[in-house]
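Heads up, the next two complexes both have subunit A, just with different partners, subunit B and then subunit C.
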Partner chain A sequence: MARFRLLLLTEFKLFRATVPVHLIAILQPTLLFLLMGLVLVYPTFDMAVARPTTPEAAAHVEALVSAMRQVGSPIGLPYINPILVEAPVQGATRQIITVEDRDGAPTAVQRYGLIDSNLVKNFRNRLTAAGLRLWNGSLGRRGVLVEEHPWLPRDLPYTLYFGVALLPMTVCLAASLLGGVGTAMDFEFGAITEYRLAPLSPALILAARLVRLVLTALVSAGILLAAIGLSTGAWPQASPQLAALPLVAAILLPVAVTAGCLGIIAGLILRRTIPTFVVGLTASLGGWLLGDAFGLAAGFGGGYQAVSRLTPNAHAVELLFRPYYGVTVAAPASSALALTLFSGGMVLLTALAYRRAVIRPMGDHPRQRRSRR
Partner chain B sequence: MRRFWILLSTELKAWRHDPITALGGFIAPAVMLVAFGLLFGGRLTFKIALVNQDAGPYGALLRQTFDEVLSPFGTSYYDVADLPEDAAWRAYQTFRIDGVWVIPADFSARLAAGEGPTVAMHFMNYNDDRAKNHRIYAAEILWRFYEKARTELRPPAELPEPPLALAEVYPLPVMIDWFPIIAVGIVLLSITLGGMMNIFMLTYKEQVARITLEFGLAPRLLAWALAPKALLALIMGWLTGIVVMGLVYLWIGIWPGRYLWAAWLLAGLVALFWIALALLLGLRTRNYMPGAIATILTGVLVFFISGGLSLVRANVDRVIWLAWLFPNTYAVDPIRDLVLFHAWPADWTITLLRLIAFAGLSLAVGMGLAARGLRRCG
Partner chain C sequence: MDTSAIIVESVTHRFGKLVAVDNLSFGVDQGEIFGLLGPNGAGKTTAINLITGLLRRQHGAIKVMGFDPLTEPRQVRQLIGYVPQETNLYADLNAVDNLLHHAALYCADLKAAPGRIEALLRMMSLGERRSDPVRTYSGGMKRRLALARALLHEPQVIFFDEPTLGVDVQGRHMLWEHIKAQQAQGKTFIVSTNDMAEADALCERLVIIDHGRAIALDAPEQLKTALGRDIIELRTTPAVEDPAALFAGLGIGAITRTTADQLRIEVQDAEAIVGEFISRVTAIGHRPQHRLESVRIARPSLDDVFLHHTGRGLRE
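Up next, the complex of A and B:
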């Protein structure tokens, strides 16, 4: 145990030699989350409505603006922030609505600037929703009422899902990058010779490295978890068996072990820092993209869903639904089993790769034994 | 001039020793292209099931309406699966579809009698953006349903006209899609990052190998030694851009055609601005990995704030002040004009002059500081 503690301490001291790499591997996913938070669409849109220029139009504009203010989620945010503006002389920058008379019918004409189809869709749908409110008002009891039955009691921001899906990627990135770079540097700086000569069990050496990687990865996840909580107000909830943070840590632990093993294997095979870094980065980003990064895999089709089952990320995201959303998705038991198998299998592979790359070159090869006789 | 070509071929040989590092300028844009392509480039419809329990004409009319209402993407808002009720709920509960609409058995009767007909809309709201879309797409469906009920049903429903009709005007005959706009931003990012990563790699290796001492002792202007580096980095940036543009072409069929030279000229001037800064970083950093990652993160950050995701011209008031300090903000929309619309940008001359100024100033400052630092080492 004393040797293990010493090894673990040495592993942590490696931080001092690679401070910038550690900081980047740990903080980059949080930075990505905060950046994407700026970019992801928020439901409330500013919509320009031209001030009426005739008394006839004034009543329609007033009714339209009032209807626009009612368009929104009954359990979330409003969708329109109508802004009365003077009608521009030149074309609109994004959009502007003017109420005109067309063929004797009062018409809300929405003029767009040079915007993309997604923005057009959003503006068009919102104007239609406001117009429909007015039409339903005139239809009275003949108007169709859409009874909403949302899955959750309130609408939750997309940034929350994005952040939750980033949690497994965070531990993957930290563990695989640091594991790979650290192992590659052992070869580059000759420290591998000391490992070869050390009278320690390779299992102890690998265990110390993995523990360090897992702990570092969980710290990285903790930083992202705090960023998610502070920006969305959503914090993980405890289960009957575990408190909130230990629950999240327990879900992310096998992901970190898997990624750490992947990084160590890449370092053992490639033995150079830069290619190992590229492998770790690509594996982490690939696992994230294929593992429910932007929505639950089932909604993207059978092919994507099948591939996502091969990533630990997808299983982890589905398990994280309970602490974050209070609901269970998919089959938690099979996700937990899958994560256990991933991590167990990778540990085994790592041991084999370590033996081949570190232990076997020391000699005691069967051919060498025969030649000595 | 002969010395210049000798230095250029020397730089190329140095580059060939470690070509994999050139991937640093390719990986981040490629991953972002795939990520945004998956998010915004596919068939952006909602998969729902419709359970029509209504025996009357209005239920069937409502069902028909789903297929007819088209979004600006040119597809219907919904992909409707006509599943039996059990199968529909199973698909919804296993997240294979986004929602279930249920038209009750008395829908037509209540609509005809004016007794408040209802439709139940079950949908996922773990993502508020998709929940919002469910609600506002429903408005499009119902609007069209009322129009069809008034005009196409026999006998037509006695429904009044809308108090306010709707119309829209778009400035071009064909609408711009979002993913191509983002893709061009990513191509510009790839050219910039390709140039930055290559110059960083070249100068870092020389710094570590102490070849910079020889530079410091060079009898001639150091610009002759630094210019081949910048040129090679620029060429590598252009090549990275060609590869990413090729991916974009394979995915969505967009290619600049005869405007390639103009687009690459603008992008090259943007790259030169950043190459000068990466040159300084390469000569000063002691550790490759943090320098490389800092380079990539800078490029990605500038992409996000300088019009990488949307048209700058249409969102001028939303562009933060910091972005106007970077040439990317001025270049990205004219490049989009050339690549997406095959049209000469209306602001071509002023943009070109601005980018030349940015690149010239950056190269003068960057190479000047680099030369000063190298001379000091010598």
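Up next, the complex of A and C:
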């Protein structure tokens, strides 16, 4: 145990050789989340409504504004925050609704002045929902009935999902980059000879390296988790049996092991820092994009869903749904099994790759053996 | 009782078509400082890699303290220390951390490691710089630290590839003294070098390797004495066109034109014959008339030994 602790301590001390990589690996996902949080759609839109200029229009504007305030999630947040503004003198350069008289009928006219068609759609849909309330009010039993049945127990912003889906990517990035670059640097600077001639069991050496990668990855995830919680107010909730943070750590741990092994294997094969860095970065981003990055796989079609099963990210995101959203999605048992198999298989591959690249004498290649026969 | 530290028998290794080590055989006794001397690319590092087990040999047999590095690698690794040609210390760690890392990988007794680290740092005059990152060390300090690291787990055989590469004169002598001090404690050293002075200063015996082959093996003095020759170096203006004819009958050996105007001549007893050489070069009536610019008598060096066996200098 003392030997393992000493190995682990040295592994941590080696961060001094790769400070920039550490900063990127640990902080980049949190920065990404914070940046995206600034641009991602928030459920409640500010919608400008021009003040009435005539007493006749005042009643219609008041009714419209009241209807707009009723538009919202059936379980939570309002979708519209109506703001009364002065009517524009010239053409609209931003979104604004004016109540106008068209052949005796009060008409809500929305002008956009926008170039983002998706944003236009959001403004249009919200105004339509407000209008639907006014129509139903006047049509009575001939009104259009719209029923909404949310499947989540509470309303949560999309930024929360985005952040939760980033958690597996965070541990992947940290573990794969640091594992890969560290291993590649051992080859580049010749330190690998120390390992080649060491009488110590390779299993202990690899274990120390992996534990260090996992711990660093979990710290990185902790930073993102704090950013998510502080920006959205949402923190993982404890299940009846398991406390929240240990549960989240237990879900992310096999992801970190898988990614750490991938990084180490890349370092053992490529033996150069920059290509190994690129492999780790590509694998992390790829796993993120294919692993429920922007929504649960079931909402993106069968092909995407099938591919997402091949990533640890998708399984981790689905397991994280319970502590964050309070509902269970997909099949937790199979996701847990998948993560176990991913991590176990990668550990085995890493051991084989390490044996081939480090332990076995150089010049012991099958092609060379065949040529000697 | 077998006192061999290393036995290499008829070892051959090829990299594709290149024969890096060609039927190499030698033995090293325990407590000896043994040299592998040869030019760059001679096969010295390949030989070391084969002996340590870093490279799988293709033919021949190797024993290190009685163990085969291929079939008994763990036993061999516990007995050897290795200082590679390129110092592979962790530059961003300090001396203590580098040694602690080595201890975790190599030392059987971890509890004794801190004390041993302190002792080795004092021995290598690195105690005051123990907490500074290795990247701030001079070349000599790095080599001393690398030696300390190789000694940390108390190996019986230490391989030192180009010990003083990139080290200044003072550092070289310091390193040599440390190696000899360790030898006095019973350690066996295998030193790979292309530096004749280093081989002369350190090695009790050495094997000269060229193109992977052992071309000579003995103590340095014996190798030089075995030539049976002294060296006379003459520089004249103009250059002597036909030295064989000019010096005929004097019992000279090989004549080499080291530069356009300088001759290097092997003779039996230079002191007895140099006068006649000078007389013949400067004799009045010769056409063209030569002027003697310089004359030097030298005992054979290891470079001369190499030249004798291969026809070219060690550094050509």
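Everything that follows uses one rule, which is that the second predicted complex is superposed on the first by the 349 of 373 C-alpha atoms of A that agree within 3 Å, B and C clash if a C-alpha of one lies under 4 Å from a C-alpha of the other, contacts with A are read in each partner's own complex, and residues count from 1 in each chain.
The definition used in the following text is that a contact is a pair of C-beta atoms (placed from the backbone, for glycine too) under 8 Å apart; a residue touches a chain by one contact, two chains touch by 3 or more.
Bear in mind that the values here come from a model prediction, so they are computed numbers and not experimental data.
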Sharing subunit A, do subunit B and subunit C clash or fit in the superposition? fit
With both complexes overlaid on chain A, does A:84 touch subunit B (first), subunit C (second), both or neither? neither
Of subunit B and subunit C, which one touches more residues of subunit A? B
Let me test your reading of the model: by the given contact rule, A:6 touches which partner, first (subunit B), second (subunit C), both or neither? second
Applying the document's definition of touch, where does A:238 land relative to subunit B and subunit C: first, second, both, or neither? neither
Which of the two partners, first being subunit B and second being subunit C, lies in contact with A:158: first, second, both, or neither? first
Quick one: is A:106 in contact with subunit B, with subunit C, with both, or with neither? Answer first, second, both or neither. first
In the superposed arrangement, which partner chain does A:197 touch: subunit B (first), subunit C (second), both, or neither? second
Once the structures are superposed on A, label A:20 by its partner contacts, choosing first (subunit B), second (subunit C), both or neither. first
Tell me the angle subtended at the Cα centre of subunit A by the Cα centres of subunit B and subunit C, rounded to the nearest 10 °. 100
Considering only touches as defined above, state whether A:230 meets subunit B (first), subunit C (second), both or neither. neither
Please give the least Cα distance, whole angstrom, that subunit B and subunit C reach in the superposed model. 13
Residues of subunit A that sit at the subunit B interface in one complex and at the subunit C interface in the other, please. none
Sort out for me which residues of subunit C touch subunit A in the complex. 13, 15, 49, 52-56, 58, 70, 74, 77-78, 80, 82, 84, 86-93, 97, 100-106, 110, 133
Residue numbers on subunit B that touch subunit A, as the complex places them: 18, 20-21, 23-24, 27, 31, 34-35, 38-40, 47, 71-73, 94-98, 111, 114-133, 135-140, 142-143, 145-146, 159-172, 175-178, 181, 287-290, 293-294, 297, 300-301, 304, 309-311, 313-317
Quick one: in the complex, what on subunit A touches subunit C? 2-3, 6-7, 9-10, 13-14, 16-17, 189-191, 193-200, 205, 361-364, 372
In their complex, what parts of subunit A are in touch with subunit B? 18, 20-21, 23-24, 28, 31, 35, 38-41, 43, 60, 63-64, 71, 73, 75-77, 79, 91, 93-94, 99, 102, 105-122, 124-129, 131-132, 134-135, 137-152, 154-158, 161, 181, 273-275, 277-278, 281-282, 285, 289, 293-296, 298-299, 321, 325, 329-330
